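Take a look at the structures listed below.
Here chain A shows up in two complexes: once beside chain B, once beside chain C.
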Partner chain A sequence: MKPVAFDYERPATLDAALKLLAREDIVVKAVAGSQSLGPMLNLRLVQPDLLVDITAISELTAIREEKGALVVGACVTHGQLEDGGYPDPTRGVLAKVAAGIAYRAVRNRGTIGGSLAHADPAADWVSALVALGAEIVVANPTGRRAVAAEQFVTGVFETKLEPGEIVAEIRVPALSPEARWGYVKNCRKAGEFSHATGAVLVDPARKFARAVIGAVSGAPIAVDDVAVAAEDPGEAWVAGRLADTPLGGDAYQVRIHHVALKRAIREASPP
Partner chain B sequence: MKNLALTVNGRKVTAAVEPRLHLGDFLRERELLTATHLGCEHGVCGACTVLLDGKPVRSCITLAVTCEGHAVTTLEGLENDPTMAELRDAFSAEHALQCGFCSPGMLVSARDLVLRKPDIDDRALRIEMSGNLCRCTGYLGIVRAVRRVLGARKKRQG
Partner chain C sequence: MAEGPMAQGMGVGAAIRRREDERLLKGRGRFVGDIQLVGMKEIAFVRSPLAHARIRSIDVPPEHKGAVFTWADMAKAGVKPICASSKLPGSKPSDHPALADGKVRFVGEPVAACLARTRAEAEDIAASVVIDFEELPVNVDTIESATRPKSRIHEHWGDNLFLESTVVAGDIDKIAARAPVKVTRTVRMARQCMVPLEGRGMVAAWDRQLEQLTLTTATQMPHIVRQGLAECLGLDQAAVRVIAPDVGGGFGYKGILLPEEVIAAWLARTLDHPVRWIEDRREHLVAAANAREHRYEVTAYADRDGRLLGLDASGWVDAGAYSIYPFTAGLEAAQVGSILPGPYDFAHYRCRAYSVATNKPPIVPYRGVARTGVCLAIELIMDGIAEAVGREPHEVRLINLVPPEKMPYVNVTKKHFDSGDYPESVRRAVAAIDLPAIRARQKKGEPDGRRIGVGLGVYCEQAGHGTAVYHGWGIPMVPGHEQAQARLTPDGGLELRVGLHSHGQSLETTLAQVAHEILGIDVAQVRLVHGDTGLTPFSTGTWGSRAAIMAGGAVAAACKQLRERAIRIGAHLLQAKPEEVRFDSGAVRAGKGSVPLAEIARVWYRAPQLLPADVDPGGLEVTAGYKPKSDQGTFSYATHAAVVAVDPETGAVEILDYVVVEDAGVMLNPMVVDGQVLGGVAQGIGTALYEEMPFDAEGQPLASTFADYLLPGFPEVPPVRILHMMTPSPITEFGQKGIGEGGGIAPPAAIGNAINDALKGLGARVTDTPFTPKRVFQAIQAVGTKR
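So, the complex of A and B:
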């Protein structure tokens, strides 16, 4: 046993979970698949008094289609998204991103909501959901609020989640038949965290064109510009976008982020 | 302490466990099922991979207490599994192990892959198996062993 001693509860309802998470006298952490929190616990980087397991809350485990969006519960695993078998207005994009996350044994436990709440800048959903123009629905004791994915992650392991709040679901807008998607990450070993991520979605049907530079040691950089999404903006442009990040001025980092973005743009280009 | 009831290799098990006890330690130290190896203990090396409800998971970053009501299968529980028998033979024939530390996790992942993706190509096979680290073989023997089982199964199915 490597973690500090902690208590554990597995409430069956969201209300019960939020009540536990609202406690201010002790350190409480929500946990789903524990594929990010598990290592942090074993390394004692996180030392909670209480873990609240949210995987028994049925409303957080569903995938449904609703008003032109796919609504994915926070506790849906990457493996479930990879395997398909759900109505998919994202035209396979979520499945493709999910299939590239870590390893199958991790995907069988790790959840989309957990990955977002953990907010490692190099994580796949952190960049991909921004490129898709998704919304993160957050639950708290007074109700729910939606946060645009590009606003949600604010820094390294930092999000718009307030104390006592959890991610409830993720709303991913449908992709039209004309939509083009590109997603590329630079990993030296298959399955490791990304060193540089590029993601592009061009969907003329809803006048959406976004390019994302991810894994930048902070919040992903989203640029809504149809020209950038259509054609490689060049290394100098990428250097400009990275200037205010911890990677700014690092020629190697600029190069790999440029290449990731360039390849994502190429992937999203019409054949 | 939390009361825990689960199935381990088809056997009903109950125990009182500390919430911080991970499944790998539970299997090794309480159930004395030592085929499951613990390497990095942060989800990277794959040595501790076991089946939870038939799907491979990392036992080192799965808390035992979260397995309440679920079924865990370790390498010991796959002794009479026909696919595992084929993989054991293939691992031996292709020199897919040397020290054997990674082998339990490697075999559990390989079995899942063989059953889940019978038509996989070599590049995808390497990517699928990349969650299990081996420091002896250089992976060539492992890829060949998995390929041998995939080929034999395909041949049998005509």
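So, the complex of A and C:
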């Protein structure tokens, strides 16, 4: 369980990184925290010629507030988000999600951008950022483009990233004081990937109400519906949403996804 | 104990801290993976991607010729397959070539060994080897392989059974005809992996000066590995030295001769450089460390009070493709037949037990061996009887357990229970868990909608059983006298040498405590040399919860003989007769005079002119042997009580409380006993709730990383309350009993019964480990469908 031989570069600028990532003559992979890529390298599921470590690029490691939104660099670790100490218009939501990711050792190295780019359907950010209505800012040699979080992950390990592109930052809209948030994972043990995720944000000030069913072996299912976000839509409704996923028709999967959603809705309900 | 604070409270029974922790907790141990030898090459294996196939050809690219080795190379050099046969009636022999010989029988079976300067480069070479396979029908399901095999795994057999045996006592058919209560259960225990912190690994080197192979390997039994290696390689045993350095847990996986050990040893013997293989986790999970996988069909007959009258059972153990050395593929199934009656007092019994070959990795005896599955089966049955007769589960156990007044007791399968008060352990566990409070809480219901339940698991565990028992199994290893060497050093310190190995058992501490008990030497001055065939007396090794009994007894015997020799020298120095002196607190004393051991040592080694003329020329170095008063072993026992909360919506289970009431007899070190119990319970929780190695219909393992093979972590192991009973064993040196495996035996039973207690109102029941949320959910759904 050792990787194939590969070259390693750690450029200091985004431009330099994008130039390396644009090479088509060899297999190039971007790496940040290496919490998913590392095991895949060791299992030889990925056999790159070159790894481009993007963690020395200062603009990818910053957290800032901009026009009421929190802008998180792709290489910010879960641990940094968990620990706080940054201006936080999300009212602690990112910190709370981050604190539930895997174990602290993983959070110390794993990054928000890496998690999104890897696009494991069970990953926390993949569902949570959709529920928050975040935007994923993607960088490529010609500039930047923003993708709505609900559009970004398209399937299992599949995203809107084109070859040579990387996630640069994540913009999370501010939550108003009236906003209510619910986030529930089904894990068999602490630190495990989620088997079913429910995430709900109701923010009347923004006229935003979204319920997300996550960890569905595909892109998370987002429903913008005040009624759903306010009250348990029932197991049959969830079964209907899952019908077109690989989990459709599996009574246990329907049950745990329904329970996760319903409990997230309850968390997001006024006391 | 008379002298100073250091001499006090470090003998048998003292809860002193572990000596080995200083290096182990600071990461300063020396494990196989820490060893580097000049010129050493790393081995990577080409492993079979198929579960059952004939090998048509193995093609090595020309640039790697000379770096890749197959069974053809080994066979040409005269290497013999590992052969672990048993003389049990109904058992069949099979060969296990270290590299596949024309055929592969499980996914992960080593086919070729590749050598390079680094492991990564060796893996590159392994990836370049092309094997042409002809696929054969795969046997995955245990019962199907036993009854309707798709192919023969070992062609020279008529079927796929390593062993079939029947144990009969009394007249079960007569009981079946007249018993008013009949309870039947089908119980499954999943295939597991052992997952010690350290996997397997070894460094092999040939010493040209000594003409000796040195294999430094993560093993529990260096002397048995030496014996097996010498047989396979055709070497004199004196030409093989096996060393176990620091070893990071064994649990049974390191109690076998590995094919990889044979290969590494042969390569080092054949080539001009040392070789090393370090198992990675993927190899560990898919290829080697499998265990358990039992299935039971059990029918119990009882009277209307819940008194067990008889047991009629069948048990299947899925042994995988090969018979492991030295315990064989038959031992675990044979154990099922002999220990299914558990700690209970009844007279009519029949058990058919099968060891089934399948296209899966061989199973290896894992902490508790068959007892964990057996305990689950019998304890689910006891709760079934309680339900059938409308009594509390503990009441049914109290009337069926062997009562203290019948001790020592010979049970229905001729097991000799040495001592103890089994019912009292149940009473104490029920009191500690506060059963009435739980019953009241259940009536009230939980505010979060969960259902709580309480469950018991009771067992007794045979340990340190010896010659007569193992001669009966007829396997390649029969333990006899355990030996220890005690050597007083010239400065008055003590070296102990034992042939077994400590890899979590704390023997560096507990055997020093035993020596202190006899000789009064400060524990800090006692050093344990262990796990090296070149330095220690023969031992079958550390297995079967035997070390405290056997090595403890042997060290005591050696220290007693040493004490006698010291007394004779000391008496002479005191100008007294040996019968006029006494030995106390590390010194020979007569009246007000005393000669400490350090002075006696100084005289023997450095001032022999002062010795008596008739001094024992053997000096201050003694090798002594020990056996308990009976070969039948000690029986420690315990009652585990668990309280769980079950989420009826998702099937999730949380352990709210866990109590162990156990009897280790006299504890050499109570803190060490607690540690053993706690570690075992953590593993048992894994068996109960998390761990499973599943296979698809083609025999592909479906859990090749820890993302899929779930282990309990710290958050999943609740605080465990351990209460001790201390009934001395009448057959051992200090009254100690073996307890190393016990913690891992009862958790599936206690937790399973607790889940079923929680589900009782719903009419649902779980019987198959691990009790995953999905299995609990499905059990609840099944009731809904039935209604």
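Operating definition for what follows: the second predicted complex is superposed on the first by the 270 of 271 C-alpha atoms of A that agree within 3 Å, B and C clash if a C-alpha of one lies under 4 Å from a C-alpha of the other, contacts with A are read in each partner's own complex, and residues count from 1 in each chain.
Everything that follows uses one rule, which is that a residue touches a chain if its C-beta (ideal position, glycine included) is under 8 Å from a C-beta of that chain, and two chains touch if they have at least 3 such contacts.
These numbers were taken from a predicted model, which means no experiment stands behind them.
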Partner chain(s) touched by A:19 [first = chain B, second = chain C, both, neither]: neither
In the superposition, chain B vs chain C on chain A residues touched: B
Touching partner for A:190 - first (chain B), second (chain C), both, neither: both
First, second, both or neither for A:79, with chain B first and chain C second: first
Which of chain B and chain C A:255 touches, first, second, both or neither: second
Which superposed partner A:1 touches (first chain B, second chain C, both, neither): both
Which of chain B and chain C A:29 touches, first, second, both or neither: neither
First, second, both or neither for A:39, with chain B first and chain C second: both
Touched partner set for A:266, first chain B, second chain C, both or neither: neither
First, second, both or neither for A:109, with chain B first and chain C second: first
Intersection of the chain A residues that touch chain B with those that touch chain C: 1-5, 39, 43, 189-191
Chain A to chain B touching residues, read off their complex: 1-8, 10, 34-35, 38-39, 41-43, 51, 53, 55, 79, 102-106, 108-109, 189-191
List of chain C residues in touch with chain A within their complex: 118-120, 123-124, 127, 280-283, 649-652, 690, 705, 707, 710, 712-713, 715-716, 772-774, 777-778, 781
Chain A partner contacts - residues on chain B that touch it in the complex: 2, 18-22, 25, 41-43, 46, 49, 52, 55-58, 60-63, 65-66, 68, 109, 112-113, 126-128, 130-132
Interfacial residue positions of chain A with respect to chain C in the complex: 1-5, 39, 43-44, 186, 188-193, 251-252, 255-256, 259
